[in-house]
Each structure stands twice: as structure tokens, then as C-alpha cells.
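Note that chain A is present in both complexes that follow, paired respectively with chain B and with chain C.
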Partner chain A sequence: MKIALTGNPNSGKTTLFNALTGQVEKIGNWSGVTIDKKEAPVRKKWVAGNEEIIAVDLPGAYSMSPFTAEETITRDFVQQENPDVIVNIVDATNLSRSLFFSTQLLELGIPVVVALNKCDLNRKKGISISVEALSYNLGCPIIETIATSKGHNGLKGLLEFAILSKGKSQKAPFDSSEVDISNKEAVEASDKKRYEWVQGIIAEVERRKVTANKQTKQDAVDRVVAHKWLGFPIFALIMWTVFSISQSSVGPFFADTLVGWIDGFYAWVEGLLGGGIAPVLRVILLDGIIGGVGAVVGFLPLIIVLFFLLSLLEDCGYMARVAVVMDKFFKRVGLSGKSIIPMVIGTGCSIPGIMSTRTIKNVRQRRTTAMLTPFMPCGAKLPVIALFAGVFFNEAAWVGTTMYFVGIFLIVTGAFIVVRITGERGSRAYFIMELPEYRFPSIKRAAVESFLQAKAFILKAGTIILLCNATIQLMQTFDWNLNVVADGAQSTSILASLATPFALLLVPLGFGAWQLAAAAITGFIAKENVVGTLAVVYGITNFINTDELALISGGDSVAGIMGLTKVAALSYLMFNLFTPPCFAALGAMNAELENKKWLWGAIGFQFGMGYIVAFLTYQIGTLVTTGALGAGFIPGMIAVLLIGGYITYLMIKGERLAYAKKKALA
Partner chain B sequence: MDQAFQGKRVIKYRQGRENPVGKATHLASAQLNTPYWITGVQTEDEDMQDFLFSLGCYEGQTVTILSALGENFVISVKDARYSIDRDLAEAILV
Partner chain C sequence: MENLIVIVILLVIIGCAIAKIAKEKRSGAKCIGCPHTKNGCHCPSKPTKKP
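Moving on, here comes the complex of A and B:
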């Protein structure tokens, strides 16, 4: 049998789903974390009999009339897919709103079982609910649950009642079947009666020591973290802390140990191979596979720590407050505070970030957010940042922090441009965001989340990245006649000849070497590849402990091997971070933008921005540090002017369109 | 449920919450920590109006401002907290 989990946003549906099925779907303490339906079988330990139960987790909805896209999924599912039983998760601390949706679900004729969730919070808040009276009034079983608890969480009872209810009919306590749904006024009148009916029930079954509209400690906290002036510095400080812990202190500390092991493994395999193996094979195995993959895997601890901290942040309830803080900034460029949530999620991985834009109602805001989210450096870009910060800037923490702020700057600039191109400047969009209660974040959940990410990362390193590195190694070992490239003639290799034309385009950015072009190109498959490819093409295996590295490579510095100045290195780093994301993220963008014009516009925009930022960094930086302009200034400047000119042209066109529309209206 | 019983309850509910007379016309000009009953939602955005309705924010219901955070307000409707911007606060008439 199939049970559908429905209820208001942030009532604990996914927490309950995970507890029932043993899945590890994403959870967060704000409205709209779940954006798609998920199905999984319920674990046997919760079910008394032999019944096979499939649980379906649905996005939260406030009512049967959807406001955003993900609410539509919920309505369509319960109306059209005929689940055997609907489990309605009701937030026990917020009966008065939740029951509105419950009464609508009770009208579908499908048996409903109510899970009165978060009832542990009720005890703390001095709210008491008479479950018997509520059950009698609604005409369906009600089970108190605590989905976050392992022990007495009520799940067994919930499923028992779900199985018992299967096949039964459901009487609606509030019946609106007589109402003509095509008549908006009649529907509204009926829904008002529905709310009044719910209020009547609440008065009967619920007792509160303190009404919900009284000041609490939470409100006091909100006034600080979402303060007019303090809010933004607090957010910046929190993000800076997350990045510095994951990239400059705790992360690298563990990474050092891990890299030691990888080096040991390299030496061990090298010893095993001895001299009795063809040199080509030896190079592919050692430098291509172990070296290249090892260089990427060495950064694993940074990713684990990043995801751990992000998970804590998502769990505590702060995200909704960030949306409030950012609203006034984003409003100026035609977005709303809601757009910050995909961007914060995007610092872990752009794909879930892009997907979470679905909860944004306004189409232009949603698309703009989806195309700009990849400017936030994601977890896969972390190794690239860490590599360059380590090799060229002595592990300075400002490098990483600056990259995030450049990302934010590009997002704001991007939004500023897009709202003008679309001709929607001045259009009004309201902002409303439910403020969930703060809670102490679950350490266990954060650990699970970072473990999952680590697993995915290793899997990726062992498949895509391994394959890419081996291919890159082969392509640089052989020339087009399949002869092994001689020492000193590396530029005749397949890889070099393929990458050289691209390298030419990059001369004005300060890094016209084919090796660097090749690394940037493989980055589109997965951004970690930039590190892997650099390791392979320069024959470097250890990027973390650079002192040691300098010794291995014969006293020369890594910076020397790559032949880049500090300014050019910074430019190269930014080029990799701010040009389009990996193909997987582009796929997510394609899905959410739902429009080819937007997709190609977005990709073009990302290339344009990446190129301009890298160009300006290199040329201005070189001018400041050496007093002269860098190589290829004139062709680069022409390219930048063309890109800038085209964007300006589109903006003017959009503004004219908006003006014409306004005039037509007036 | 008994219809008459419900009707009575609603009347009682409203009588207990008279708005401070002449003090506010919309939520953005209302006082903190004072329950107001909503007299209407004035916006051309019908979707938003419907959405507010599903949250229980419509004519006849009560709303309380708990904090004013620059351009945003924290309000309590039913038993939940929301943050809304000034534009939306101005659309909610009290």
C-alpha cells in the first residue's frame, strides 16, 4: 500500500519520512526544503504485520490551492495518484493554521491519519491539546509523533492506524462539495467558513498558557540577527567562519594527514611496480591515476568540514533570517531575500541550490536566481581555491573569502543587469517568509550529511575524475602518430595541440599556457578536474604540503613550475570559478530555467563575466605590481568591450520595452 | 458541527479585539505588540492575496507586529511567525 505524507511546510514530513524509510533526504529548518516527491519502502521494524508499505514524501503545502510550483506537486499527487492512505503531518505548535489544510485533505475521500508532530515542543511551550476531542471532531485517527526522536516517537502507532484505515472511506467534517469551484467568491466564502470551523475546534481542544503573539526569546534573537545594520555583518561573519574553518584551519589540518597517506600509497605502489613495467604504463598508473586522483582526494577533509558546518546552519533556523537580512539588498536589483537560500545551499553544491529556486514564485526572480547561483563557489571548487591559495599565497585566508565576495558581487551585478534586460525594473514583488523556531542543530544529522557528501566525492574521484586524469595522461604522453612524446617536446602531444588554440584566447587573461587551458576545459566535466589535470600535466602529486613539494621538484617552487605570476594565478583562479559551472550544474540550470533562450543567455553571461573578471584582475594587477600592462591587452580589451557593449545594448532594449509597456498602461 | 455555535464564537472573538481607533490604516503604521484585526488585503496580486488567505491572514482575523526590522516586519498570524516587507505590510489593512 502507498501512504502519502502531506502537511504544511516545515512540519517535519521529511524527518518523518527519513525515520520511516531509513532514507537520508535533505532536511532543513525552513519552509520549502523538499521540492520534489520522494518514494521509499517503510522499514520492517515499524510495521507489525507483513504489509509492504511505500511512503511518499511530498513538498509542504499550506492549502489545496498551490502558490508555488512545488505545492502543485503535492496537490496533484493527492488528487490524482490515489494513495491508499494520506498521513497528514500537523505541527502541534501551530494547529490553527495546519487544520485548514487538514480539512481539505479530509474531503478527498481517501482515509486520513493525522500525525500530530513536534508534540515534545508543546510540553515546553505550555500548550495542551486534547487528542481525543480533536480526533472526534475531525473524524480520523490522530497519533502524537516526535519524528526527531529515536525511541518513543509514535511511528509504530502511526503505521498501525494507517494499515487499519486502508480501504475505508473518509467522512469530511467540513464538507464543501456543494460549492461551485468556478465561482471564486463562493469558494472564498466557503473557505472563510472553513477557517471559522477550525477556530471553533481549536477553542475546544487546545489550551495555551501563553498566546502565540507574545514576545519570546526567539523574537529577541531575531531583532539582533535580522537587525537593520547588524544583520549583514553577522551573516558575513558566520559565512567567513564557515569558510575559514573548512579551508584554513580544521580542514587543512586533516588534509595534511590524508595527503601523507596518499604519498605513502604512491611510494608503496611505485616500489611494488619496480622496474619491470613499461614506462608508459607506469606513468599512467602512478602520475595519471594515483597522482591525479590523489591530488583531488587530498582535499576531501575540506569538503567534509564545509558540509558539516553548512548542515548545522541549515538545521538551526538561521536560513530564513538570512533571507530577511538580504531582502533589502536583493530588492534593489529586482530579486528578493528568498534568492539567498539557493545561493547558500550552492556553496555546498550548485545543483541542489539551483533546484531549490523552485520555491520562488516570480518567474524572472526564479530564473535569475538559478542562473546566478553557480557564481557562489561550490564544494568542488574548494580544492581549486585551496590549491591556489596554498601554492601562490602562502595559504592566506583572504583568498578564499575574497572569492566568495567576488561571487556575491557578480550575483548582485548579474541581477542588476538581468532585471533591466527583461524590462521588469520597477515591477513589485512582495516578500513573505515564515520564520521557523530556532533549534539546536543535530550533530548527528550534520555528520550523516557530510559522510554522504564525502561518499559522493570519493565516488566521483574514483570514476569521472579518474577517467579524466587517465585520459589526460594518455593525451599528453602520445602525439597524433601515437608515438610517445619525447622529453622537451611536450608541445607536440595530442593534449597540447588540442588545448593550444584555447590557450591563445586566454593570453589577455595572463595564462596562455596549453596546460592551464586544458585544466580549465576539463573543469567543465567536474571542477575538481582542474586540480587533477594540473597535477597530471605538471607532474605534481602533493598540492597541500607545498614545502615538501618544492623539495621534490628540485628546489623549484610550484609557482615556478606553472610559470604564473601571483596576479595571473589569481586571474586563473577566478576564471575557473566564475565561468560556467560543471555540465551537471548546467543540466540543473536547463531544468529550472525551462527556456532555451534563458539557458544560452545564462551560459553566455557566465562566460562573459568570467572573462571580464579575469581580464581586469590580470591587467590591473599587472599594471599595479609591475607598472606595465600585461600581455595581449589590446585584443583582450576589444573582447571585453564587445561583451560589455552587447550587454549594455540588451539592457537599453529592455528598458525601452519597459518604458513602452508603462506608457501603454498609462 | 453546530452552525449557530460557530457563529457565536466568531462574534465573541471579534468583540474582544477592537483596533486602537484612528491609530493605523495599514500594518506598516500599526503599533508593536498590539493585536489588530484585519479589515482587508489591498493588492492587485491575486495569488498573494490567496496565499495570505491560506495562512489565515484575511479580513476578520487578527495580526500582531512583534518586531520592526528596518524594511521588514515580524508578524504573528494564527500561531506562526512571518517576516514581511514594507510593501506587503502596507497592503494589509487594519
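Moving on, here comes the complex of A and C:
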């Protein structure tokens, strides 16, 4: 038996799906989180008999006349795949909006069971709904549910009714089958009638303490956090607080313990190996694998705490307000407000962020969003941020916060440029988003999300990063004649000879050392590799306790060990964050852009922006802090002028073409 | 003998890592160790191009 979970966006479909099936699909307190169907068997504990039930979670839809790609998936599924029963999840706090879609589902002839979800919120708000009267009017069973609750959540009853309804016919209380769907006016008139019919039912079954036109506390909060001027600084303050907790206080506290264990394990293995082991094998196992992977894993607590806090922000409803705040900036540069959703998803991982751009209808906006989403620092870049914030800036929270805002700045700048290159300046898209109600965030949901991120991080460290570190260690151990390089002569190694030409290009950015170039290159495999490679090439196992770092490496200061000034360190961080993402993300970009010209343009643009930002950071920073320009200013300036000049040429060309087109049309 | 044991340990570690990557790739992971990217994430099928 197959049941389809349908309903308006943010009505709790995926939460219900997760509760029924035991899956941990991504949920969020805002609309548009689910954009594809998912199916899984329902757990036996919810089903009374032996019935095998498959639940299908569908993206949210407002009506059967799809406006977005997600709504099309839902419509196509319920119309073409013949589910045995439709479970319509209705947000009990917003009945007037939800029932429009319910009445359309009832017309399909497939048995419908309504799950009146979020009943707990209704009680808190003093809203009462007569379930019997509503069920009588709609002509289908209605069960009150609380998908977020473990106890009396109504799920068992919901499935009982679903099983009983299987194979039965469904009567439609509002029938629009006679309407000619090719006649726009007739469809609009029918929709108006349907809406009036729904309002009539609501007047009969619902009693509210607060009327819709009365300002609530939520409205008062929204007037501040989504304010056109205050919204942005509030967002900055919140992000700073998040980074302060995750990178400066709570995160490092746990990281210190974890790093202590890793160091203990390193020492234990070192003791086991004894003195009779070949030095090559010793360095590969100890420095390459344990040291390199350990250096990355040491940042795990910081990542767990950060994602825990971000999940809380999302769950309480704040991230939806951020989308509204950012919409003002995005609209001005020709992006859709919908572009914000992939970028928020991209803070976890760029790949699902890039893939979710498919929901944007306009091709130019979709491609622009796909190429700019990687500018948002993803989870893989967090260890790099944490490393440089910890080692060079005393774990200052402003470093991480700044990286997010530089990312946003680059996205806005990038969109400003692209809209001119494509000659589509002036085209505006309107963004309509239903703001979810604020609620106390679920600690459990945030813990699950952090656990998923942690699991993924460990998996990556134990596979890709482990292999890369072992390879880097081998390349650093041998020269081209496959002789082991002498201690202190690593610059003759295979790795050094491959990385040195790239290092020369990076001199104007303040980091012309082959070790740093090698780390930046391995970052294209996975961004965490930057940390792992730095650990291997500098022989460091502990990036968390910087005092210990200085001690192990024998340097007199942290900056001395890596040969970087603070300004150069910031420049290196920006270069790693804002040049192209990892190859897997580039693969996702390739799939979504569907055009080689756009793909290579996007990669070139990302390299150009990363280079310019790093160059300006290093040169201006060095000028301010020392009173003189940094090394390699002239060649760097020539490179920056060439990049800037080419972009300007493309913009002028695009604008001229657009003007010529406009003139021809006129 | 000790060297041989270490070589075997290294081969086992690296072999496990490669096997895990191969398994993840076969199960449709777009990126190893990236959350929410398995089975094509939550994303809709790509729109088919109209002729």
C-alpha cells in the first residue's frame, strides 16, 4: 500500500514522514526545504495489522495548478502514480490557506485522510477547530496530529484510517470537473468560488481568540529582525555570536579534549612502532595518516557546535527572515529571492545548494545562482576558517563572521556583473515566501542535524582526506628518482617541485611558499584537505592548542612556523574560500549550468574573484600595518588589472548587445 | 618482520578507504562525506529540454 504525504509548504510533511519511517530527511521551519519526492516503508510500530505501507513524502504545494517545479512533482505524482491513499497534512494554525489544496485533492477520486497537524500550537494560540464538523464538510476522515511529538501524536490513528480508506471511493465536496481548464477566466472564477466555499467552512468550524488583522508578538519581532535597515546588522550580530560560541568558547573546549586523545593515540602508535621500522613507513603512518587525519578531525567539535547553533536558528524560524532581509540586495542585482534558499543550503554543503537551483525558473537566474552559491563558506571550509582564526587571530569570532559576509558581498558583486554580461539588466523577479511562525527550537532536531554533519565529516576524513594525506606524505618523502629526501631538504621532493610553479603565482598574495600552494591545490579535492596537507607538510598534529603547535614545530612563534604574517594568513584564507570549490561541487555546477561556456566562465570568475580579494587583502593590509606594499605588487597588480579589464569588457559588450536588441525591438 | 606488519596495516587502512569510496559512489553519492547529497539530494529531476 502506498500513501502520498501532501500538503502546503511548511505544514510538517517531512517531519511526519521522518516520524513514520524513522528516516532523517532534512527538515526546516520554512517553506521549500523538500523539493523532491522521497519514499520509505512505514515502521511496524505505527501499523496495527500486517499491512506493508510505503510513505511518499512530496514537496509542498499550494494548489494542483503548479507554479513551481516542486509543485509539478507533487501534482504529477498524485495524478499519475495512483497512490492508494492521499494523506493531506493540513497546518491547523493556517486552515484557510490549507483547505484550498485539500478540496482539490478530494476531487481526484483517490481516498483522502486529513492529518490536522500542529494541533499543539493551536491550543497554545487559543484556536479551536471542530474536527467532526470539518470532517463532515470535507467528506473524509480527519485526525489531529502532532508530528513533532513522540507521545500521543495521532500517527497510529492516522494510519488506521488510511488502511480503512484504501480501495474506497472519494466524494468531492466542491466539484470543479465541469470547468474548462483551457479557459483562464473560467478557472479563475472557479478558484474564487472554491476560496469562498473554504471560507464558509472555516467560519463554521474554527474559533480564534486572535483575529487575523490583529498585530501579534510575532509581528512585532518581525518588524525588527526583518527590518530593511536593522535586519542586516542583527543578522551580523547573530552570526558573530554563533561563531563566538562555536569557534572561541564551547567548540575549542571540547576540541582540546579530542585533540588530547588524538595526541595520545599518536604517541601510543609511535611507542608501538619502536625504533626498527623503516623511516618511510613511520612517516606515512604517523605523520601522513594519523597526524594528517587527526589534524582535521580535531576541528570536529567546532563543526558540531556550529551546525547545532545554525539548526536552532533555522528551526526557530529565523533563517526565513534572513531570506527576506537578503532579498532586498539580491533583487537589485537581478537575482531571484529564491536564490537565497540554495545559498542557505550551501552553508552545509555546496552540492545540494547548487542542485537546488533547479527550482528557479529563469535560466539566467538559475545559472547565476549555481555559479555563485559556492561563495558561501560550506561545512568543508569551516576547519580552514577555524584553523586560521585559531592559529593567527586568537580564535576571534570576527574571522568566521567576516568570511560569511565577504561571501555575501562576492555573491552580490558577482550577480551585478553577470546580469550586465548577459545583458539582462532591469529584469526583476519577485519573491513570495510564507514566513513560518517563531517557535522554541527543537534540541533533538538540532542534535540530529549536527550528528549527520559530524558523521559525514568523519567519513570524509577517513576516506578522501586519509588517501590525500598519505599521497602527500609519499610525494614529500621521495624525489623524482624515488630516493628518500634528506631531513630539511623537502624542497627537492616531488611535491615541492610540482607546487613551486604555482607558488610563484601566489607571491603577490603574500604566500609564495610551495607548502601553502600544495595545500591550496589539494583543497580542490576537498576543502578540509587544506588543513590536512598543512599538517603533513609542516609536520604538525595539533592545530587546536597553538602553544603546543609552536613547541612541536620548534618555531618561536606560530606565524614564524608557517612563514605568514597575519595579513598574509587572512589573504590565504580568503583565497582558499573564494576560489572554485571542490571538484565534486564543480561536477554539480557542470550538471546544473548545462553549458560549457557558463561552466568555464564560472570557474574563471571564481578564480578571478578569489585572486583579487586575496591580493587586495594582502597588499592593502600590508600597507596599513607596515607602511609599505607587500611582495610582488607590480605583477599582482597587472594580473588584477587584466582580470578586471576583461570583466569590464564583457560587461560593456553585454550592455551594448542588450541595447541593440532593445533598439531593434522598438 | 615489523616493517611487513606496518605495510600490511597501511594496505588495510588504504584499502578500506578506497573500498568505502567505491561503495559510496556505487550507492549514488555525489560527494563522499557530504551530508544530504546521497541519492541526488532533495532535488527534482532535471527539466527535460523541449525540442
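Rule of thumb we're sticking to: the second predicted complex is superposed on the first by the 595 of 666 C-alpha atoms of A that agree within 3 Å, B and C clash if a C-alpha of one lies under 4 Å from a C-alpha of the other, contacts with A are read in each partner's own complex, and residues count from 1 in each chain.
Methods note: a residue touches a chain if its C-beta (ideal position, glycine included) is under 8 Å from a C-beta of that chain, and two chains touch if they have at least 3 such contacts.
Please read all numbers here as calculations on a predicted model, not as lab measurements.
K.L.:
Answer with first, second, both or neither: which of chain B and chain C does A:331 touch in the superposed model?
P.N.:
first
K.L.:
Figure out whether A:348 sits in contact with chain B (first) or chain C (second), or with both, or with neither.
P.N.:
Touch status of A:348: second partner only.
K.L.:
A:466 in the overlay: touching chain B, chain C, both, or neither? Say first, second, both or neither.
P.N.:
Once the two structures are laid over each other on A, A:466 reaches chain C alone.
K.L.:
Please indicate which partner A:96 is in contact with in the superposed arrangement: first for chain B, second for chain C, both, or neither.
P.N.:
So A:96 only meets chain B here.
K.L.:
Examine A:395 and indicate which partner it touches, taking first as chain B and second as chain C; both and neither are also allowed.
P.N.:
neither
K.L.:
According to the stated criteria, A:284 is in contact with first (chain B), second (chain C), both, or neither; which is it?
P.N.:
A:284 sits against chain C, while chain B stays out of touch.
K.L.:
Once chain A of both complexes is superposed, is A:227 in touch with chain B (first), chain C (second), both, or neither?
P.N.:
After superposing on A, A:227 lies in contact with chain B but is clear of chain C.
K.L.:
In the superposed arrangement, what residues of chain A touch both chain B and chain C?
P.N.:
none
K.L.:
Along chain B, where are the residues that touch chain A in the complex?
P.N.:
Those residues of chain B that touch chain A are 1, 5-6, 9-10, 13, 33, 35, 43, 45, 47-48, 50-56, 58, 60-62, 64, 66-67, 69-72, 74, 76-85, 87-88, 91.
K.L.:
Can you tell me which positions in chain A touch chain C when the two form their complex?
P.N.:
Chain A reaches chain C through residues 25-26, 33-36, 38, 59, 69-70, 72-73, 273-274, 276-278, 281-282, 284-285, 289, 345, 348-349, 351-352, 355-356, 358-359, 379-380, 452-453, 455-464, 466-467, 470, 526, 582, 584-585, 587-588, 591.
K.L.:
Which part of chain C faces chain A closely enough to touch in the complex?
P.N.:
2-3, 6-7, 9-10, 13-14, 17-18, 20-21, 24, 30-37, 40-47
K.L.:
Please name which positions on chain A make contact with chain B in the complex.
P.N.:
Per the stated touch rule, the residues are 62-63, 65, 67, 93-97, 100-101, 137, 173-174, 188, 191-193, 195-197, 199-201, 203, 212-213, 215, 218-219, 222-223, 226-228, 231, 320, 323-324, 327-328, 331, 336, 361, 428, 430-435.
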